[in-house]
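Two complexes, one shared chain (chain A), two partners (chain B, chain C).
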Partner chain A sequence: MLIKLEKSSLLRAVLIADSVIQGKAVNSIIDNCLIKVFSDCLEIISTDKDISIKTNIPSESDSEGIITCDGKKLAQILKELPDGIITIKTDNNLMVLKSSTVKGDYKLITTDGEDFPEIEFGNFDLIQINQSQFKKMIKKVLYAAAHDSVKPVFNGVYIQAGKNSTLNMVASDSRRLSFTSEHIDMVEQIVNNAVIPLKTINEVYKLLDAGVFNFALNEKQCCFKIGNTTIISRLIDGNFPDFEKVIPKDFIDTIIIDTKKFINSLRRVMIFTKEPTYKIIMTFKNDVLKIEARTPEYGEASEEIAIESSSSQEIMIGINGQYLMDSAKEIDTISFRMNITGAMSPVTMMPDDTEDSIAVIMPIQIRSAE
Partner chain B sequence: MNATHIRELPDHVKRMIAAGEVIEGPHSVVKELIENSIDSEADRITIKIEDGGMQRIVVTDNGCGIVPEELSLAIAEHATSKIGTVDDIQSIYSYGFRGEALSSIASISHITILSKPDGVDTGARLICRESIEIAPFAGPTGTTVIVEHLFYNTPARKKFMKARSTEIRKIRESCTKLALAHPEIAFVLESDGKQLFSLQKTETVRNRISDLFGGAEGESLYSGSVSDMQVSLTGYISSPSNLKRSRLYQHLFVNNRPVDYRNLSFHANRAYDAMLPHGSHPALYLFLQIPPNLIDVNVHPCKREIKLFDSRYIESLIYGFIKKTLGEHELSVGSVNLNTDRSSDSEIHDINSERQTTAVFKQAEKIEKIETGETNSPDIFKDGRSLYNDLQDWNYLGTIFRTYILIEKDNSLKILDFHAAHERIQYDRLRKNVGQVTVQKLIFPEEYSVTPDKFSILTENLDLLRSLGFDIDIFSEESLIINGVPIGIDPGQATICIDQFLEAAVDVTIDKNAKDYFDEIRDRAIERIACHSAKRAGDPMNRSDAEALISMVFSGAYELRCPHGRPFVVDISRSELVKLFRR
Partner chain C sequence: MKRVIIHIDMDAFFAAVEQNDHPEYRQKPIVIGSDPEKGKGRGVVSTASYEARKFGIRSAMPISEAYLRCPNAVFLRGNMKRYKAVSDQIMAIFRSYSPLVEPISLDEAFLDCSGCQQIFGSPKEIAQKIKDHIFQQTGLTSSAGISSVKSVAKIASDMQKPDGLTICPAGNEINFLKDLSISRLWGVGKKSFATLSGLGLNRIGDISSRKRHDMELILGKSGGELWDLACGIDNRPVYGENWQRKSISEEITFREDKKSFDEIILTLKYLCDNISYLMSCEGCKARTVSLKLRFDNFETITRSKTLDECTRAYNIIFSIIKEMLERAFIIGRKIRLVGVSMSNLEFGVYETQPELFSGQDTETIQEAVLDSVINDLKTKYGKKIKRATLLHNLER
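== the complex of A and B ==
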């Protein structure tokens, strides 16, 4: 088999494939990349059982076949070679790389591709979504997801087809929640809802760029076709809790704050907080928000910011400052709204021009036990 | 029934009732008599008991004695030579001050006192039966008190006396406590002609401990002292390698008076913390010296309890004392040396100990500097993390066997067991929560359903659960609702934590030996919850999690041992590595 192709497209495809491989299981065939050779293209495939990823790149080949090889090694040598056309010749258990500009042979050990598990990239009903729109949605919610919660649904991003062609996206670790919603044509055609694993979302996020991509969902899997790459991923089992119910609708106070000022004050005050609480006390009173932190080992800090408040009542809330920061950073308007429901009840944050993105943060409570 | 008349009780009945409070049994008689002997400035006290003290108690001292004319006053009510005015009660250094002990004993037993003061030829003998007889006595200087037929006139009391062996044990305990407080006095204790102990006069409490419990015991103790204005605390405590299986070796003396202080064990455990494996207890011999006007000794009929002017202050003093004493002796906690043959290589040993001390100082300096970022942020949101990198003085090398993290730090290779390390952090967070809880409220409250029997265990312990940081309420007849969890606990594990709490509660209920029911449940529940909420070997541990864990572990804020006392950092110094390669 003799293959001719552009080095940079192969390198990119191999890197994409390799990022999925966890490399836990030593000597396992799925630690390798699978390369399917067709007469006019290659498919670079990898899997970690939960996610499978396939990238299609143009090439010229004299015959068809399958090879697997160590993706990391292949990427390493490709990285070092100058851009341009390369040729790959397969020869028993070796693949021989040759660059058109560097005089040299690089023989990489290959294994028999027949042992690689068959991956079904099956048929889905795909809808089209704008890449930058979807990427923006992921960024707005992803930070609120848990990393390694025992409750699997918290380790993912929940998507839900809403009314009037909207797509809702939610992530939560039960301490905080982030919700965003966007209009997407034909979104009602996909299965109503699903929890997509964090790792899959991360891979997708890296690939999203400009233009549109195709998305599909069935009961067990989701599929993303982004450019010449296809990702098939298992979904997380289990029901995401009813998030609409926990987004408060009635408030005792609504506050408008300058986003930048808030972030800057918070950043300074946060220096006086400590893991794991990062405890900040917010006191709202007469159009002033006081942010305070106090940690016996470090000292204390307090700042005041002018706000616009709908109530004159004084309210004091203890909250994780890091959570406030994460949510504030995702707000892209000059000022934002913060809704207060009580000292021990959720705080919500949203841009001041829309209700399509909402962050919910639960307070922390310090009690003296007797 | 005919109407009965209200009458005042005859004096002797009143006295018998009052005596019941002072004298609980033979051990209280022994305690009162020894205290009198100590007050008389004796330097040798002999105690002999027969039939667990029920038949006879004889306490002999070589103290100042009682002048013959006053002998009958000794057994009179409220007669004392130790205080005279109300002000004196504010400055009690002697054990006695009420003038009640001997009169109480006399009202419920047959008492005989033989006493001769120094400098006179003859003393007197007092025999108190139905009436009081006084005769001359020509023995040696000092006082002998003989108490016979205790409770002969209160048969109901007598019936309730514990087994003879129990009484002997209690007598021995009373003697031991007073002997510990007075190494300058020789003590002999005999039961039915058999010597239980004979203690020579000695200079230090440590020697006294050795004489009582064996030489090795005394030598292994750490000694220390702290003082603050008018108050000082000195004493001896167990080294972490010489712990006890019971709390029997925990003694607190306030101005040399043995007192029962319920929270002593709790605060000691808090101070020993990770060095204390479950079920073990340190020995404590603590001597608090405090101006008498700051305490009230007159709150318990047996003077076993005292009121301190500020118990929080004393608790922090005790805690601080233990921490400091351990700190002075346990410099190298957490550094485990490999089992190489070091006898042949003193050089490595030296390098080692120097490195250990500097490491300790470095850690202390850094407590304030290193902090970790939120570990929860996914990889693509890495900003913020770099903030800490320039402060970092370690290098994360990787994770092996999905169990251990390898780190290069301070010129050595450190191997960290991440489950145990994380368990320690979780444990500390939960422990810190005791007294002041930080609760993370949940967006999605968790319902917890249980069987009726478990439901009732949980509802009984609801306050305890809350004090650990669980915001929990009864939801229905067989379910609870969890609205918040202690900070640092994964909300997804809320129900698992309650499972663990329940198991701890069931364990403690079954275990008859458990002393303080709630304390014990809390301790065991914290251990279980820490263990279950910590990452386990085999769990994924990505780079940012590992780095967050490392910076916490080396922040100096944590003991480098898991809650069961096992170290979780193994340290191989450069020189040890060199040696392993036989260079």
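== the complex of A and C ==
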């Protein structure tokens, strides 16, 4: 086979494919990228058994065939070659790369693609979603997801078709939760709800840019078609807990805080906190919020910021400063609302102009190990 | 400043207590252990008096074999309550000589006497005073080992039993140890002995005369540790009573190396159950779970995972251990030792972030209740209480 194509498009496709590969399956063919060669295009495919990804790029070829190769090595050499047209000649378990501008041969070991597991990129009923809108939604919730929770549903992002063509997106590590909701046409056509694995969401997030993409769900899998890349991913088994129940509706105090001032104060005070709880104490009293941290090994810090409070009652809450920071950073309004439900019950944060994005954080409690 | 560490080990403790309490047993071979059932018993020897040792009877020997060697010995089941009472007396004596006493079992302890010379005299004098003190109060003899490190002090106390006192001067460790059998080193059991012997390493000096790096090449990380011990390098402190443990661990060396995933996971299940119980006894929880695997060539790997929340829940510990084993397991590779360790311990009260969904999670609540019921039963009826999932033929 002799293939001719643009180096940059091949490099991009190989990098996309390689990012899925875990590289832990020793001597296994799925540590390689699969390249399907058609007369006018290539498909670069990879899988980690949970996620499969396929990118289609234009090329010219004298025949058709399939091969696999080490995606990392291929990407490495492509990165070092100047932009422009490259040719790939395959024969006898080798692919020979030639650049149009550099005089040299790069022979990469290949294996027969026939041994690569068959991946079904199947037929889904796809709906169209605006890429930047979806990307923004992911960003608002992703930070709250767990990475390695013993409860699998928290290692992903929960999506749910809401009322009146809204899509709800939720992530939680079980101690905090982030929720966002946006209007999306035809969203009710997709399956009611699903938990998409974090790795899949991260891949999707990297690919999302401008324009629209296609999205579909069935009982077991989800499918994203973004540009010339298609991702098929397994969904996480299990039911996401009833998140609406844990978003408080009644508050003893509602506070308006300047977002930037809050973040800056928090950042300074947090220097005096430590892992894993990053504990800070917030005291609300008469339109003043006092933020304090105390760690015997480091010392202590205290700051006050002016707030607008709906109650004159003094309330003191111990809370994870990092959680507050993560949520505050995703607020894009000048000020935000913080709702207090009690010293030992969840705190909510939301932009002051909408209730479509809410962060819920559980305060720190003192428990006994006995 | 070099430390002064004294290891004191009571001589044939259980048997000596019996002989002391019952004049009719004196000068007779005494074997404490399970019922020999006239040579058909299946248990093992716990302690043999020095008279019984003359017949070749040793601790951990099958009781049937002990019976065969000396049918006329006095076989006793032992009186743990009495031994514990005598042990308490002895430990109290230790504490009157040093604030840093680390009991290892009922009949042995390490004492760090580094600052005690001003009060009690030279290390040798201190050890002799302690031995005399024990003898006056209990009528029992003990053996002492003195060194600047724990491992050498322990080896020394065993060298001139009974009623011995052996000193290894600081700086003289390599010379002191070099002619001893490697089986005296901590961690060298029957199987390791065979492996090392096969490599021509029989005396401790055979190890210390090599380079540390060479031992690591042969045996991996544990080879380096073995070299340290052979050279008398051991920085472990003597843990006093106020010391709070940093980890809780349990490990098992298989009688025969295992390569079956199912058998290994079953053993780990057993260890996780024990660990969960031990943590409940200590009143602590832990944030880090570690799995230790030693392969047949002594290569040892550990895998750890740190959780957001500390736990001692059996099902959580086991699910993490299982996941780590699945990743580390290599088909066909024989494993000689498995271990589970919990670290980042939390005692008493600690700060935590409660879960948002805890009210919805009935399964976790039920598991916690189950754990506490099982642990209560174990405290009441002993370790034979086990989970139904462990009711297989567990081979240790």
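Simple rule for what comes next: the second predicted complex is superposed on the first by the 366 of 370 C-alpha atoms of A that agree within 3 Å, B and C clash if a C-alpha of one lies under 4 Å from a C-alpha of the other, contacts with A are read in each partner's own complex, and residues count from 1 in each chain.
We take it that contacts are C-beta pairs under 8 Å (C-beta built on N, C-alpha and C of every residue); 3 or more make two chains touch, one makes a residue touch a chain.
Not measured: the values here are computed from a predicted model.
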Inset, instruction - Judging by the criteria at the top, classify the pair chain B and chain C on chain A as clash or fit. - result: clash
Inset, instruction - Would you sort A:A145 into first (chain B), second (chain C), both or neither based on which partner it touches? - result: first
Inset, instruction - Scan A:T166 for contacts with chain B and chain C and give back first, second, both or neither. - result: neither
Inset, instruction - Count the residues of chain A touched by chain B and by chain C, then name the partner with the higher count. - result: B
Inset, instruction - Could you look at A:L198 and tell me whether it touches chain B, chain C, both or neither (first, second, both, neither)? - result: first
Inset, instruction - May I ask you to decide whether A:S302 touches chain B, chain C, both, or neither, giving the answer as first, second, both or neither? - result: neither
Inset, instruction - Check chain A for residues that touch chain B in one structure and chain C in the other, and list them. - result: 146, 148-150, 172-177, 241, 246, 276-277, 279, 320, 344, 346, 360, 362-369
Legend entry - Residue ranges of chain B touching chain A (in the complex, touch as defined): 367-368, 371-381, 402, 429, 434-444, 466-467, 471, 484, 487-488, 490-493, 496, 535, 539-540, 545, 552
Legend entry - Complex contacts: residues of chain C adjacent to chain A: 283-285, 287, 305, 307-308, 310, 316, 319-320, 346-357, 360-361
Legend entry - Contacting residues of chain A [partner chain C, same complex]: 146, 148-150, 172-177, 241-242, 245-246, 276-277, 279, 318, 320, 344, 346, 360, 362-370
Legend entry - List of chain A residues in touch with chain B within their complex: 24, 142-143, 145-151, 154, 172-177, 198, 202, 205-206, 241, 246, 274-279, 297-298, 320, 322, 326, 344-346, 360, 362-369
